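Next, two complexes with chain A in common: one pairs it with chain B, the other with chain C.
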Partner chain A sequence: MGRIPRDYLINRLVTLVLTILIAATIIWIIPRLSPVDPAEIALGRMAAGAGSVANSEEILAQLRANMGIDQPLIVQYLKYISGALVFDFGLSTAAFPTPVSTLIMNALPWTLGLMILSLIITFVIGNLLGALMVWDRSPKLVKVAIPAAMVFTSIPPILSGLLLMWIFAAKLQWFPLTGAYSIFVEPGWTWTFVQSVLYHGFLPALSIVVVTFGFWALGMRGLMITVQGEDYVKLAEAKGLKPRYILYRYMIRNAILPQITAFALKIGLLIAGQVLVERIFAYNGMGKLLYDAILNQDFPVIQGVSYVIILITALSVFLVDLLYPFIDPRIRHEAN
Partner chain B sequence: MTDKPVLTLRDLSIEFPTPTGVVQAVKNLDLTIQKGRRVGFIGESGSGKTTTALAVMQMLAEPGRIAGGTIDLAGIDVLSLTEEEMRQTRLSRIAYIPQGAMNSLNPVMRIEPQMWDGIIAHEGNMDRAELKRRSDEALISVGLPVHTADLYPHELSGGMKQRVCIAMGIILNPDLIIADEPTSALDVVTQRQVMQTLKDIQKKIGSGLILIGHDMGLMAQSVDELAVLKDGELVEHGTVQQILEAPKHPYTKDLISSVPLVGGDSFLNPDRAAAAPARDSKEPLLRFENVRKNYGAVTALHPMSFTLQGDTPQIISIVGQSGSGKSTMGSIMLGFNPPSEGRVLFEGQDIQAMSQGQSLEFRKNVQAVFQDPYACFNPFYRVNHALKFPFKKFGLAESEAHTQRAMEDACAAVGLDPDLVLQRYPHQLSGGQRQRLIVARALMLSPKLLIADEPVSMVDASLRASILANIYDLKDKYGISILYITHDLATAYHVSDYVMVLFKGHVVEAGPPKEVIGAPQHPYTQLLIDSIPWPDLHRSWGDGRQDWDPAKKEAEAAKAGAVYRGDVQGFDLAKAATLG
Partner chain C sequence: MTSQDNVPLTRAQIRQAKRIKRFDNPWMNPKLIWGAGLLLGIIFLGIIGRFIWDLDLVFTGSSPLKLPPLGFENLRGQSGVIDHPIGTDGGGRDLLALIIVGAPNTLFVGLLASFIGMSIGIFLGFSAGFLGGRTDDVIRVGADVMITIPPLLILVVFQSAFGDVTLTMMALLIAGFVWQSPTRLIRAQVLSMKQSGYVQMAQLSGASTGHIMFREMMPNLVPYLFGSFIASVTTSIVTAVGLEVLGLGPQRIPTLGRTIYEAINAGALIQNLWWWWGIPTLLLAVIFIGLLLINLGLDEVSNPRLRKLS
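Moving on to the complex of A and B:
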C-alpha cells in the first residue's frame, strides 16, 4: 500500500522516453519540409541592413556551415537529438549568435509563472463551478453559469485580452498595459519586484482564466452527471450523510479523476495557446519567443521551444501517472 | 412481537409526470409492517416495489412525487419531515441495502471511513477508538474479518461488498431495513449465506425488514409476509404460507407457477413428433483438446477435453458458482480468450489459427447470447440495424426484401412483433425484449453453435421461462447445438441434455440433468442444489438446517473425485482420473 508498483513505474518511464523521442523527431522533421532556406533569410536580413552584400554565394555557404545545415540530414538529426538531451539546440539564427537555450531560459520562468498560476486558478474555479452546476442544492444562480461558461469558452483569448486591457488598463488604469514587470524595478528576489510581477501578471492571467474556465466547467459537469447516477452516491444519500460531504467526498472526489489527467495534457497546449496573450501584453514568455521565431524562420529556436513544451507536457503526464495510484486505488490494483 | 407497527403506509400514491402524461407508479397502497417482521415485496420490474421503498426514504428519483397518502415510520409522519430531519432519519431509523452492491461503495475510499461517515453524520464526531469498535463490531456481525475495514471496495468480492452494505445499514440499529434485491447479483451459495446473515442480524436488532425481489423461492425462504405488487397496485398481501399455499390473485398464481423447479413440471413444449433436423458433418462441431487456462498464477480452467458432435444437436449446460471457470470456458469457445494450453477445434479447425475467411465463417457459425441485454446493443442504432448488419456482413442477404423478411421471421420465432420492435431504439425496449432480439439476431445467421452465457439471469423471473423456451426452440426446430452457461440449476435441469458441474476449474460431476441435478452425488453439486431457495415452506433453506456449512462442504468437494454419470449421444467428455 502506498507504493508505486515497479512494473507500472517502468511502463510509464518507457512511455515517457518514447513520447519525448518521437515528438522531438517530428518537430525536427516539420521545419525541414519547409522550402525556405534559413541561410537565405539571414542573408536577406544582412542585405536589408547593409543595402547590398558582396560574395553572396560564399556568405551563404558560410552561414549554412555555421548553422550546420550544410551537413547530411542524418548527421543533422543525430546532432540535434544528442544536443536535445543536454538542452543544446545550437545558436539562434535570428538572434545570432545567442544560444537557443539562453533564450529559452530567459523566457521560461515568465511563461511557467503565468501559466501555472492561471491554470491552477482556472482548474479550481472551473471544476468547482462545473460541480455546482450539477449539484441539486446549488444556488439557482450557478445554473446561469452554464451559458456564461460556453460564451467565454468561445471567445478567443486575444479578444478577451484586448477587452480586459481596454477596461482595466486603458480606461480604469488599475493595471499596467504591457510588460512583465515595471521598468523602474531592478529584477531580483525583492518584495517590490515580486509585487511588480504579480501586478503585471494579473491581466494576462485573468484573460486566460476567463477563456479557459469554461473548458473545465463543462467537462466537470459531464463527469458529475455520470457520478451523480452512481449507486454509491445514492447509497451515500440513503446513509443520511450531509449533502455537502456527499458533494466533496463522494461526487467531486470521483469526478475529478479524469480532469487531473486533462490538467497535465493542458499544460502543453496552454503554452501554445498563450502565444497571442503574451504577444498583446508584451509579456516576455515562451509564447512570444515562439511567435518571433516563427516569423524569423528561426529553426533552432522553434525546435527548442517545441521540445521544451513537449518535455513539460510529457513530464506532467508522467507525474500525474505517478500520482494516480495514490488518488485512485483501483489503478494500484490493476498494476498488480 | 407485534407491539407496534414500524411502518404504516396509508393510501400511498406515487406518480411520475412525463412529457406524455402522468405515470401512476404506485396506486393507493395500504400496508402495515410490524416490528420484527420480514415482509417481501414481490413483482416484476416496473411494479412499483422499489419506488415504494424509495418513497419511504424520501429518495424518489426525479421527477417522481408522492401524490397522496401518508407514510408513518414508527410514529413519525415521514411526509411532514423537513429535509434535514429526513436526513437524520435515514440510516438511524431506516436503512437501505442497495441492489447493486457492486457499485454501491465509493471506489476511492476504504471501507472503514465509509462506515464511520454514517455514524458521524448522525451522532457527530467521536473518539476514533469508539468508531473503530463500532465498525469492527458491525463487520463481525455480518461475518466479515475485521481487516476488511482497511480494504478498498474493488478488493472485495460481490458477496463481501453486499455484507459491507448490510454492516453499514445496521450500524445504527434502525427500526426498519429495506433490502432492495440484495442478492440478485450473487450466485446461489453466496446468496444463501448473505440472506442468512441478513436474517440473523435483523432478528438480533429486532427491526422490520422489507425484502424487495422477484424470486418466489428466495421470498419463501426469507420472509414472513408477502406483498405482491403489479403495475403499482398491491394485488395480494398475506403471510408467506397463505400466499404460497392458497394464492388468490391470478397474478400471484402466475408468479408462483413461472418458477422453474428442479424436478417440477417442464416449462418447455418440446415438439417430439418433429425430430430435430440432423446435420451431416464429418468433423466434430466443437472439440476441446486438453484446454487449460491460467490467469497469472491462478488456474481458471484445468485441462479439459470433450467432443461435441454436430449431427445431433444437443444442449450442454455448464453450471457452477462465479469463479468456477464457466464463463472462461465460454470465452475460450468463442475465441475471445486463447487457451494457455491445448487447442479448441471448430469443425476440425483450430480457432486460434484461422485464416481471415475461416474466421468469418466461424463467427457466422458460432453465435453468442450474453448476460446483459442492456450492453449488447449499440444505443445509437435502431434495432433493425443491429439485426441487419451481421446478416449483410456475412453475405446472407439476397435483397432488401429478403433481409426484411429474415428479420421479421426471426422476431416472430422469438415471440416478438416485428412491427413493434424493429423501428425502435434499444433503450425503448425492455430487458426481456432485448434479450429475445439477441436470440433473434443469432438465429438469423443460422449458426451451428450457440453459446449462451447466463442469458436469463438479468431478466424478470416470469420471463425467464419463455426466453429459455426460445433458446430451446433453436435446438428443437433449427438444429442448433447450444452450450448453456448458467448458475441456475433449475433451468439447466429443464433445458439441457447433458450437464457439467464446474468447481474451481474442474468438472466435478457430469451427466444427464435428471441424474446430476435430480440426484446429485458429488458434494459440490449437493451444495449447489441445497443452496437453491425453494418456493416451498416445507423445504427449509435457512433456519431449519443448521448443519448447512458451505465451507465444510467445499472442503469435502475439493477432496472428492469427479463423478461421471450417464452419457448422451453426440457428446464425449474425457474423464479425468482425479482432481489435481
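Moving on to the complex of A and C:
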C-alpha cells in the first residue's frame, strides 16, 4: 500500500470543491431568477392561517429582512455560501422555527442507512452473479439470470417499488405499506425498534436491489469475458490451482476494478432513484422531506436537501477515486 | 411420422442459415428490431389512438370514477365497461385516453432532451478532443463536475421555484444534464482517433478542421453516438418521471409520471385500483425495456465480438 500521488489528489480535490461550489451556486441562483417572492408566500401562509393579515406591507418588509432578501445580492450570496459550509440553511418556512439543518439531520441517517445497506447488497450480489455467468463451472441456472438481469436493470426503482409495494404490502400484507418504523414502537436502541426498522426497510431496500443488481452483473459479465482470455488465467489453470481460487483471486480480483469506477459514475443516479423510492414508501428519509417541502413550497428545505444530497454524491465519488489507487496499484504508476 | 421428416433442413441448420444472414447484415439484429418495435408501438398508440379514441376523456370528470378495466371488478362491485376498456382514474378520466396522450409525451421529453444533450456533447467533445489545450481543460473539468451532480435535485429546485413548466421546457432543462457522458465519450474517441493514420493523412493533405471532424471522424463515431443517445434517452425519461412523481413537471399535460403521482396521492394502492398506477407503470417499463434492447442491439452491431457470445 503506497501513498496517493499528489497530482492525482489535487486533481480530485479541485473537482470535488468545484462540484460542490457550482452545485451550491446553481441552487442559489435559480430561485433568484424566479418571479416568485418567498416573503409573499410566507405572508400568504399567514393569511391562510389567520383569515386576514393587517399591515401587510410592514409584515412583508419585516419578512424580507428576516429572510435576508433585502440585502445586496453579493452579500446574500456570500452569506449563503458560508452558511452552506456549516450546513446552515436558515429556518424552515413550513415547520417555522425549526432550522433546516435539524430536519435534515433527522432524515439523513435513514437515507444513508438504506443507501449503504442496499448498495452493499447489490454490489456483492450483482458482481458475484456477473462473475458466475461467465465462469464455466457455475450451474446452468445462473445463465438464465442474464436476460432477467437485463430486463430489471432497465427499470427505475420507483416502478419496481410500486410493484413490490402492491404485491407484498397491499395484497399479501406481509410488509407494512409506509413508514420507516412502526408508530407503536418507541425509537431507541432497543431490539423491538431495530426489528421494526428492518421490517419496514425491507421493501424499499428490495425495490432498489432488484433493479440495480443487473447493472453490476452485466458489467461484471463483460469484464469477466475479457479477463477469462488473459494469459495469467491460463497460467494459473496450467499450474493446477483450484478453480475456485482462480475465480476469486485471479479473475474477480482483476475484473472488479473498472466496476468500482462505474460505481462512482452511477452513484448520483442511485441516490436520485432512492429519493423517489423513499417518497413512494413515505420512508422517513430525505425523499419524504423533499416531497413534503415541495408540497409546502418550503424553499430553504428544498435547497438544503438538494445541497446535502449533491454533497453526499460528490463526496462518495471523491472517496471512490481516492481509494482506487489502493485497490489498483497500476494507477499509481500511471500518475508518476 | 414426425413433421420433421418432411422438412429438408434440420432446425440447427435453419438456425445456422439465419445466423449467417444476420452476419451479413448486422442491422437485422433481433434485439434492435424488438426494441425499435416496442418504441414504435408506443408511438403508434399515440398516433392511431388520436383518431379512434375520444381524447376529451382526458379531462377530469369526463367519465365515471374508478372504473376497473374490462373483465375486472372494483371494490364497489362495479365491473368494467366497453366505453372505458382499461378503466378510469379517481378524477373521472379515461385511462386509455390518458395513456394515448401521456405515453408519447413521456417519450417526446426523453427524445428531445437527449437530442439536445447529444448535440451539445458532440460539439463539446469534438472541441475538447480536437483542439486540446485550454479548451480541453475547461470542458473536461466542466463535464467531470457536472457528471457528479444528480440532475433530479437541481431540477427539483428549479421547478419548485418556477412552478408550472411546459413539456418542451422540461426537456430543455433535462438536456442541461445529459451532455456530460457523450462529451466524455466523444472526447476520448476523438483523442484516440487523432493518432490514427487516416486522420493524419487528411491533415497532411490540407483538409479543413471541419472536414476532418465531420467527414473523416464522425462516420466512425456513429455506433457510439447511437448508443450514447439511447442511454441519454433513458436517463432523461427517468429524470422526467422522477420529477413528475414528486409532483413537479407539467401540471396540466397528462404524462405517465404524473398519472402515477396522482394515483399514489389518492391511495390507489390501498384501494386496490391497480390499473390506475399499473398501466402507466407497465407502459414505462415497455419504454425502458425497448430502449435497453435497442442499446444491446447497437452494441452487437458495433462490436461484432459480442454477437458470437450470445
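One rule holds for everything that comes next: the second predicted complex is superposed on the first by the 279 of 336 C-alpha atoms of A that agree within 3 Å, B and C clash if a C-alpha of one lies under 4 Å from a C-alpha of the other, contacts with A are read in each partner's own complex, and residues count from 1 in each chain.
Here is the rule we use: contacts are C-beta pairs under 8 Å (C-beta built on N, C-alpha and C of every residue); 3 or more make two chains touch, one makes a residue touch a chain.
The structure displayed is predicted, hence computed values, not measured ones.
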Chain B versus chain C as contact partner of A:Ile22, first or second or both or neither: second
Touching partner for A:Gln297 - first (chain B), second (chain C), both, neither: second
Residues of chain A touched, compared between chain B and chain C (which is higher): C
Touched partner set for A:Leu60, first chain B, second chain C, both or neither: neither
Which of chain B and chain C A:Ile125 touches, first, second, both or neither: neither
First, second, both or neither for A:Ser34, with chain B first and chain C second: second
First (chain B), second (chain C), both or neither touched by A:Val317: second
Residue numbers on chain A that touch chain B, as the complex places them: 230-232, 234-243, 245, 249-250, 253-254, 257, 327-330, 333
Chain A residues touching chain C - in the complex, by the definition given at the top: 14-15, 18-19, 22-23, 26-27, 30-31, 33-34, 36, 150-151, 153-156, 158-159, 162-163, 165-166, 169-171, 177, 225, 265, 268-269, 271-273, 275-276, 279-280, 290-291, 293-295, 297, 299, 302-303, 305-306, 309-310, 313-314, 317
Interface residues, chain B side, partner chain A - complex: 57, 59, 87-92, 95-96, 98-100, 102-109, 117-118, 121-122, 152, 154-155, 165, 168
Chain A-facing residues of chain C, complex: 141, 144-154, 156-158, 160-163, 234-235, 238-239, 241-242, 245-248, 260, 264, 269-270, 272, 274, 277-278, 281, 284-285, 288-289, 291-292, 296, 309
